[in-house]
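Please read the structure below before turning to the comments.
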Amino acid sequence: MTLQHYLVISAILFTLGIFAVLTRRNAISILMGIELILNSCNLNFAAFSRFVTPPEDISGQIIAIFGIVLAAAEAAVFLAIILAIYREFGSIRPNEVDTLKG
Amino acid sequence: MEFTLKTFIFYGFALMTVASALLVVTVRNIVHAAFSLMVTLFGVAGLYVFLQADFLAATQVIVYVGGILVLILFGVMMTSGRLEMRIHIERGQLLLGGAVALALFMLLLTVIANTPAWKNRIDDGTALPPTTEKIGELILNGPFLLPFEVVSVLLLVALIGAALISRKEVRD
Amino acid sequence: MLLSLMIFIPLLGMIAVLLLPRESEELIKRVTLIPLALAVYLFISYDRSTAGTQYVVNAPWIDAFNIQYHIGIDGLSVTLLLLTALLGPICVIASWRNIEKGIKAYMALFLLLETGMLGFFAALDLFLFYVFFELTLLPMYFLIGIWGGPRREYAAIKFFLYTLFGSVLMLVAMIAVYLNSGDPGARTFDIPTLIALASTEGHALNNLNFQIWVFLGFFIGFAVKVPIFPFHTWLPDAHVEAPTAISVILAGILLKMGTYGLVRVNMAMFPLGLDHFTNGIGFWGNSLALLGFINIVYGSFCALAQTDFKKLVAYSSIGHMGFVILGLAARNDTGITGAILQMFNHGVISAMLFLLVGVLYDRAHHREINGFGGLGTRMPVYTGITTLAFMASLGLPGLSGFVGEALSLLGAYDEFKWLTILSTIGIVVGAAYFLWTLQRVFLGNLNPKYEDLPEINGREILTLVPLAILTILLGVWPNLAIDMFRESVTNLVNVLQAI
Amino acid sequence: MTVSLISLILLCPLAAFAVFGLLGLANRRFPRQDYLSTAAMLIALACSFLLLREVVPEPETHTVNWVSLGSVTFSMGFYLDSVTAIMLIVVTLVSSLVHIFSMGYMHGDPRYPRFFAYLSLFSFSMLFLVVSDNLLGIYIGWELVGLCSYLLIGFWFEKDSAANACKKAFLTTRVGDVGMFIGMMMLFTKFKTLSLYGEGGIFALAASQLTTGDMVWLSIAGVLIFCGAIGKSAQMPLHTWLPDAMEGPTPVSALIHAATMVAAGVYLTARMFPILTETSSLVIAYVGGITALVAATIAIVRFDIKRVLAYSTISQLGYMMLAIGAGSYVAGLFHLTTHAFFKALLFLGSGSVIHAFHAMHAHGHDDEHEHDDSDAHGHEHNEDSDSGHVLGSEIPPDQDMRNMGGLRHKMPITFITMLIATLSISGVPFIFSGFWSKDAILAGVLGRAMEWNSVHHYILFIMALSAAGITAFYMFRLIFMTFFGEPRNQEMHDMAHESPLSMTVPLLILAVLSLPVVNTLWFNAAYVKPPPQPHLHAPAHAYIAPDTKGGTGLAFSLFGVSEAVAAEENAGHDTHGTHADDGHHGHGPAHTIAMVLSICVAGLGIFLSWLFYHRRTLSAESVTTTFRPIYDLFWHKYYFDEFYDGVLVALTVWKARLFAQFDGTVVDGIVNGVGVVTRDILAAFTGAFDNRVVDGIVNRVAQVTWAVGGRIRRIQTGAIQTYLFVVLAGIVLLILIFRAL
């Protein structure tokens, strides 16, 4: 169990998250992709905290906790927006919400 | 590295995380995807345990699984009206997205493999003291007090904002 | 420091207005009093015996382009700062009952506008000068476009595009000056430095051809603001559509920004270019005076034909600003002093006129001059104040309008005999349209429609009295204002006559 | 002492006005404004008398810097010489009397306090004008009296005629003022000062610096300054406002439009005396002479009592101008003084008559007013049946002389005092002041004519003489129509009554002032001396009269006035303007001739008037019919008003409309057109002329931008995922590139 194990897992999660964000046509799926990305980040923080910094320094973990909090906030706002958009457009497919189209 | 139970469990968690994450992005049924995400989150929590971040693991389970995931399910239900909403994916987009993701992944792998500072960092298995008390000390009586307060305000604002956005317009 | 405080207090006030609830109106009113108090303090403590700038603040701002936050005041600026600071609270009081929608946004924009104007008059760095110049544009656009009359959008866009057109030319000229001000690294936007460089023998800025073009660039930019024929057509539209207080600011301050810029930049910085347009030789040598003459006569005649009260006052503004141009074109201290006095006095008097039109409009809900009649019996106090303002505007001696006009003409006659003589037509026509208006609105039999028109109220009198006092005071004792800028003008004239 | 006295004189009326202004702003009125204003005037009057004694042979100036610039300074100040002192007396005296008169006349007017406030403001302005030592100060006072005149003519502004008249007065005088201002600009440019007196003043500089080459320029400047006087003193061709100004209350007509303000033009011309050249003098003299004659002829045919007096005023002012233009400085000013008193008396007397008739209206109803109106028209029919409806010829019934007659029994004081004034203005010899002043003018003109052997001055003398005769005729016509004969309108006659004490006392005082003895108090040779005229040169063919002594000189020396006139005439011989030391030598025969002739024409005028309007041996109607074209010309006031209204005013308004149209359509049209063109037409235009137009390049740039923009904007899909995709792809690429490097 080296640092690289964790980093690879994290990279996989990150990539999958990116993939979801890029390909999904459903806003909630995109949100789930984002959650994956955030998790991969948190995992990275925790891993670096464990392996790179001295063991008694756990700043990385605290940052990860902040990350989780931010994720929670983000999810709440995201879902609220989705609800609002859904009411407005009757759809949550991002490609149908294109009022900003030039 | 010898193949102990601990290693085995680690790989198990790792596999569980990666596999369920793969399901999250591939499964067509959005409810299934959500449940897969739950598994992924659990897996990550398990990994935190391996990293001896007990408080983080607990937070992960409580906040993510208990909070965010439920929120997502709520979102699914309120927007679709039915639980089995199909996810529609276009082929071209799939290919392009896959290509970019894959490229990114390859890039990350090379970085991970080639960064010298990250090589040979092996978990020696020494048990560290529980982190909860330390985290509490650091957050409430240490350098992280201000960020903590800022984050709490942010959370509050986000919650109020979310409530404001999602409520039905009364006037208009 | 004091000066910076004065400039940015309205900005702070704007933030305060946005944060405060609607009910705290008293506070908003008082915010505008602070700059006034500071301006009065500056006016009193200003050292009248020197031509140099005072209260200077000079701090680096954008080092990469050697742009500085350089502010300071000389006699001309302090006069106009006082005018700006004085009109601020008056406009707030004047708009208090008239603006119904979005009063907070209105006040916030108004305070932003005030910062822009105050900063413009204090800026000593060309870039800063430009920034403040543009800063007034946007709030004005919204103030006309949102709170204006029925054709407000047309008027606002016209105003915006016109001024933008001018300021783009100005920007080009400004960059040209910057690029020619020295080697890379030694270039500067600093106005005093540039003035010194422009009269240094052999410097790139001290080149007739260069100065002519740059002069034109700046001139058109300011000419739109003044406005000088043929760039004036935004003015009547903007005035007619703008709410009363904004008309007051527009006529009282914004027009002065144009002429102030002419003095501060065109005259002080490009004496060679100025000489080319005012030396009295040939067409170009008379062109500036010719524009002044056209403004006077054209504005006056157009005013004579108007039946909309506000449009009439707007056109009269064009006519009166012509005297400023004529006085400046004279390039002697009589003419320039007259022009500066005329700037200040026109600021005061036209502010009064627009306030008075607003008073009538609030009551009768129209501005058609022929639709009134005999109001003199119904509203004696209002009639009295209007008569005072009209008389001041048509240049009755003893009131401030006369001094500026007379000095401008006396100065201009030295240089441009025939144009000045022809310009005096404007005096007669000016009297004609004001007296005719006075007759149509106030004299004769009372129009039965307006038998119950209420007399001017205390709040409105409060806005007018300070201006009326100033009008009389400066008419009786013009030295009060001239003391402020005599040295500055002498200095400028010396520079102009050195070439 | 002098400074404080003059300050007091100025401040008293100003304070009285300021009280009104401040209270007015507070929306209150001060009920005893009349006492306040009158008291202020009486104090000023007392101070003026003190000053009269104060004046020493050496004139005094006191100045302060008013506008100081780098290179020039405009000062404000007092200049006190004998002329100032006399003018101060005239103004304060007439003003005080008019104040007192107005207390009776204006009683009960809804704007009673305001009237007195305006009078105070006027008095201040007029006094300021009089004491100013520089052109700018005079100009300021000049315009301010114009304002007061405007306000007071329009005092009853509900009447359209009054509203029109006040505007007309202001604008007409403004035209003249602009001329004056141009003259000031010329002088300022030359001398860099507007002060008149002292070493740095215009007069000193003009005397020392100008050469014969500057004479044309100086003449133009002089005439331009005189333009101001033309406007203010209602000389031809800017006289039309004065008759209309009679729309104001009668005391105003007496004070402003007869005694003081209109005389300011004469005062100004007299002040400018030292810089007049022979050309400008001649212009002034001709303007004065023509005005005197023309206005007198118009006055013959008026029926409105106030209009008759108005034209008489114009005519008399022309006389004064003629005097100054002909070099008779003292005579002109003397006539100004005497005229101020007797003309004020005439106006106040007519006011008393109008008041008597007007009081009846106060008792009656408005309907009655209309009835009277038609009645008046009925009368009008007799005499000028086909004169038609002329602008400004609607006569209010209480001012129409055809409604009067036989009033001498009803209003004895008014009658006696007015008769004295009439005798005075007509030039009935010896005991009336008008005779002396008018005679002095005639003598002066004739003297100049004989001395210079100048045809111009002979013509001017004849004009003046004819005007004198006509004046006697129409003034007695007025007296006969108003006070003699049978009452023409019995109803009105019955209601008429003598005016209250506040009105008759001023009349009596003014009547006393119309006697020459009183005037010698301030008008004598030791007191008034004409200033030198360094730029006035006698023509080459001037005939130098031989000195003749004695003769009529003895008679004149009865009065100090004549001493002064004689001294002046004497000075006139010396064309370089040095003073004669002794009074009597140098009397030409001019005086005798002028005196005899003037007595003759005055007698003739009075006699004809008596024949026409009292004995009625001659019929005015038949004369009218015989000389119909001339009568029409007089009746229509030489068509000046028609010309101004039909041509000048119409032209101005038309031009204004044209300009405004131009502004709205052409200038604004171009602006809007540019907008439209840039938006629409330009695109089509360039499509057609793509290659040929030079602008093509510019437009091509625009086109290309447009086209490229059209394509590029597709990138802006509005879809977040596309953006994200691009961002990520970009990141990957960038990292790859940097890693490769």
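Per-chain numbering from 1; labels A, B, C and D assigned in written order.
Basically, a contact is a pair of C-beta atoms (placed from the backbone, for glycine too) under 8 Å apart; a residue touches a chain by one contact, two chains touch by 3 or more.
Remember, it's a predicted structure, so these values are computed and weren't measured experimentally.
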For the chain pairs A-D and B-D, which is connected through the larger number of C-beta pairs in contact? A-D
With chain centres defined as mean CA positions, report which chain is farthest from subunit C. B
Kindly work out which chain lies most centrally, taking the average of its C-alpha atoms as its position. C
As a quick test, compute the distance in whole Å between the mean CA positions of subunit B and subunit D. 97
For subunit A and subunit D, what's the span in angstrom between their mean Cα positions? 92
Euclidean distance of C-alpha centroids - subunit A vs subunit C, Å: 57
Centre to centre, by mean C-alpha position, how many angstrom separate subunit A and subunit B? 7
Which residues belonging to subunit B are in contact with no fewer than two other chains? 93, 96-97, 100, 104
For subunit A, jot down the residues that touch at least 2 other chains. 18, 22
By the touch definition above, subunit D meets two or more other chains at residues 721, 725, 728
Full set of chain pairs in contact is A-B, A-D, B-D, C-D
Of all residues in subunit D, those that touch subunit C in their complex: 21, 24-25, 27, 65-72, 136, 139-144, 147, 150-151, 154, 157-160, 162-164, 166-167, 170-171, 174-175, 178, 181-182, 184-186, 188-189, 652-653, 655-657, 659-661, 663, 667-668, 670-671, 675
Enumerate the contact residues on subunit D facing subunit A in the complex. 713-721, 724-725, 728
Subunit D partner, complex, touching residues on subunit B are 93, 96-97, 100, 103-104, 107, 110
Within the complex, which stretch of subunit A touches subunit B? 1-9, 11-20, 22-29, 31-33, 35-36, 39, 42-43, 46-47, 49-52, 55-56, 58-59, 61-62, 64-66, 68-77, 79-84, 86-87, 92-93
Which stretch or stretches of subunit B touch subunit A in the complex? 1, 6-7, 10, 14, 17-18, 21-22, 24-25, 30, 33-34, 37, 40-41, 44, 47-48, 50-53, 55-56, 59-60, 63-64, 67-68, 71-72, 74-76, 78-79, 85, 87-90, 93-94, 96-98, 100-102, 104-105, 108-109, 112-113, 117-123, 126, 128, 131, 134-135, 138-139, 144, 147-148, 151, 154-155, 158-159, 161-163, 165-166, 168
